[in-house]
Amino acid sequence: MKTFPIGGVHPSENKKWSKAKAIEPMELPDVVTIPLAQHIGAPATALVKKGDTVKVGDKIAEATGFMSANIHAPISGTVTAVDLQLNGQGLRQMMISIKREGDEWAEGIDLSTDLVKECNLPSAEIIARIKECGIVGMGGATFPTHVKLSIPEGKKAEILIINGVECEPYLTSDYRTMLERGEELLVGTSILMKAVSVEKAVIGVENNKPDAIKHLAELAKGYEGIEVKALKTMYPQGGEKQLIAAVTGREVPAPPALPIDVGAVVCNASTAVAVYEAVQKNKPLVQRVVTVTGKSIKDTKNLLTRFGTPVSALVEKCGGLPEGDNRVLNGGPMMGRPMSNLQSPVMKGCSGITVISGAEALRGEPSACIKCAKCIEACPMGLEPYLLAKQSKKKAWDAMEQNDIVSCIECGCCQFTCPANIALLDYVRLGKQTVMGIIRARNAKK
Amino acid sequence: MANRTIVASAPHVHGPLSTTKLMGDVIIALLPALAVSVYVYGWGVLAVTAVSIGCCVLFEALIQKFLVRGKQTITNLSAVVTGLLLAMNMPANIPLWIVAVGALIAIGVAKMPFGGLGKNPFNPAIVARVFLLIAYPVQMTSFAMPSTEGFVDAYSGATPLAAAKAGLMNFAEIDALGMFAGNMAGSFGEIATLALLLGFAYLLVRRVITWHIPVSIFATVAVFAAVYGAFSLDTPHLVSNFALFHLLSGGVVLGAVFMATDYVTSPMTTKGMVIYGVGIGAITMIIRLWGAYPEGMSFAILIMNSVVPLINKYIKPRRFGAKK
Amino acid sequence: MNTLIFTIVTLCAVGVVAALILYFVAQKFKVEEDPRIDDVEKMLPGANCGGCGFPGCRGLASALVEQEDISSLYCSVGGADCMKAVADYLGKAAPVKEPQVATVRCGGTCEKRPRTSTYAGTKSCAIASATYVGETNCAYGCLGYGDCVVACAFDAIHINPETGLAEVDAEKCTACGACVSACPKGIIELRKKWPKGRAIYVSCVSKDKGPATMKACKAGCIGCGKCSKVCEFGAITIENNVAFIDSTKCRLCRKCVAECPTGAIKMIGLAPLPPKEKPETKTETK
């Protein structure tokens, strides 16, 4: 069984808490706040103002330029404000607030659950529909999908890879989606194949989800060119570059090279389902499956949640936060963003709410680096985290650039594995952000 | 909000490794060899070991408390490992005060002045051993002959390497099996090859170290010895015996598995580790065959320790996406 | 004996060969440099703090020697005396700059600004501010992890454990600006240095609207504009919901201090103005 070539770690999976829980719908919130920046790229431009009434699926914000995404109303009701609201990190961000009145969907959206297999649209039309429906990568990176599917001039896609790896511990939203919405996923995959004109698609799933592999492999027999591939469980296999290497054996060169440079296009499994809904049902992206999990969460769930629902509502539905101190994460424990404001909304990239409680919530006391090289062994990008962290502390940005800091994918393997408990990624991330800033400034000057 | 949320950036979980656990594993890996030494040389071995470990820990605690004035670091067990390795590099019948001097050199000269664990450029146990070897050559090279009848310090014997240096070794009749099991004179930690290899296996299984350094040292020593033997031995058909003899005698196994792999003083990348291992193997053989000392493992490790920063600077791991 | 001679001869030969190589290499890569740069460098403080904008004192020294007009170059650490000495030596006009002092513009003490979360990550302002808002609800205030303390080469800035805020020791501060660039929140400003450590400044940089600022911190500037109305020198401007006192225009008249409803305008080394005839203006707002 294959996996990616360098590094990787084995965090405790902890998927058992929520993997058996079928997807259930979350109650509609009375008020939602929808950030205009839910994706990588420019924030969308609001199309509504205070007092406007909207239906579910109405476009309320439009993509600003190519590298951006549309945003649609997740509930029907009245817009109460378009202003700065606190996000999960307690920082102010432009958001549209809507007060709910009923649940009325916009016209032209097919709400039936019938499977529509047939799709004879040309590539450009598919991409246009995906763009219109505001689809972004739902694995957490939130890269606008229409950008990914628009193959640049002179390059050619050879293979489509559907990312069903879900290597983050705890999270099970992709897993439940693969089990419960397998057919839609496969239709979505074949639509994506058409969009990028490839003959072959591989759905990569880690072998810790044997039932998902079996289920999808069974269904895939009915679709041409789609293969389900079991991969050896290893974090961070869900990283785009790691997955491409695991599936095809090809390594995407260092930035600015992109997956398309080795002929690969990668989409998340949940994204494929969203693509199906967008193209076949004209249904924009207004909701997603969010895993609410944690060792001390009373009733873990996989909730189909409308965007804009406050995180606290999800946590309450699952039994509330446990007593004492908790770390509440937007995402999983390896790459999730920590939250300080639980009134903040669920967004397009939120695959789970993970709660880490008690002693685990605190970091261990760091001690001296013993140069054990475990971080080098663990780094899936072949970098030297100990050195980069040291250079970042000294603000040696040039040296960091020479040591390929821009290749860092911030997967956290180095810090996870460090026996001296050193916060390697804290420093490496700071260095990466600074170096990227320096590079951008340099390119802008040219 | 009654409960405050705790915020720190990702990753939010930590793996099972800790410095203490790694050091503990090294200690466990050394125990079989220590047991064989006790069996071969008697209880005196334990006296030397206890004094060495005790002094190392004590000196580190005192220096940390009164000179560095930082948080106590002895709980990370690195002083215990240094003490244990230092002891295993000495003859079983060495006067205990020399052991204490060695511990002082290891901790007080080679380790703490540089900032303690992680910052010392040279392996503390080896620095101490080399110091003792030069300062007290007689005591450091008077090896008790193996005895199974308790602690013997009355008469001493030559190590196989010293005998070979003096030209007294008949390579047709080396007792490879005996050497393998520990039936030879030498520092008490280095004789029990089989037990040391058992420790090596344990370290590999526990993923404390990788195979690169020990294996490249073994390979270099074997190849070096074989080539030398093929050209200069009167009896070329004994080349394999000659190579085997050099692998099993002296501190090659102890040094390669436990001393050269010391995290702090060895390279960070696998490529670097191979270069380092080859260097140690070659220097060891050069000293053994042409140098003034019968054994060169300690010197070789120290010399290569000094090259490690250079290796770390220039030998980089293969980046993802770079050509293989 | 032979061995001894052989050894000596060999060593000498090696030495001579090495010396020759070094000599030729040195000749080949020789860099012609104005000797005055060395002299000027010696006159500078040698702290290599980078406050002048050059990586070290030598960088400034060579700029001072090479540039005709040195009015834009200044070493705030050495101060006026040092710059005069350098200028005299070079025969150029000495650059003039008013003495300045670093000022921490945040008054959100632990008491005034309630903690709402616990930060368990690396204690560095740059890292914490990239992670989230910080332990309080104010996104603009001092985090108190001491990036400025690390940056200061003169031991002039410290975190007061009681307030959790950075404090400048005006005696030691050389106005090199290292803390200003180290602070990710942009709280620290170089302001005109008055004698005896006197100062009046708005100790808040929160751009939040009044109510939001009040909610997060009792000592915040709410941008009400009362201070700018009483200022006779036009030194106070309100922009982005926060007042700013231009230290080059302020004359330390103290009128604004009494006006401020939240106490965000700080006064150091000065006695408060005697209470005005209309005391209700003070108690009115809170």
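All chains are identified by letter, namely A, B and C, in their written order; residue positions are counted from 1 within each chain.
We adopt the following convention: a residue touches a chain if its C-beta (ideal position, glycine included) is under 8 Å from a C-beta of that chain, and two chains touch if they have at least 3 such contacts.
Just so it is clear, the structure is predicted and the values come from calculations on it, not from any experiment.
Chain-level centrality, scored on Cα centres against the all-protein Cα centre, points to A.
The chain with its Cα centroid farthest from the Cα centroid of chain C is B.
Centre to centre, using the average C-alpha position, chain A and chain C are separated by 41 Å.
As a whole-number value, the distance joining the C-alpha centres of chain A and chain B reads 48 Å. Centres computed as Cα averages put chain B at a distance of 51 Å from chain C. Multi-chain contact residues of chain A (touching two or more other chains) are listed as 325, 327, 338-340, 361-363, 426, 429.
In chain B, 4-9 are the positions where the chain touches two or more neighbouring chains simultaneously. Counting partner chains per residue, chain C has residues 116-118, 120-121, 127, 130-132 touching two or more of them. The touching residues of chain B, counted against chain C in their complex, run 1, 4-9. Residue ranges of chain A in contact with chain C, taken from their complex: 86, 89-92, 325, 327, 338-341, 361-363, 423, 426-427, 429-430, 433. Contacts from chain C toward chain A in the complex involve residues 116-118, 120-122, 124, 126-127, 130-134, 137, 139, 208.
Of all the residues in chain A, the ones that touch chain B in their complex are 5-6, 9, 11-12, 169, 241, 245, 251-254, 257, 321, 323-329, 331, 333-340, 342, 354, 356, 360-364, 367-374, 376-377, 379-384, 386-387, 403-404, 407, 410, 412, 415-421, 425-426, 429. By the touch criterion given at the top, residues 3-15, 17-19, 21-22, 73, 76, 78, 115-119, 210, 263-264, 266-269, 312, 316-322 of chain B touch chain A in their complex.
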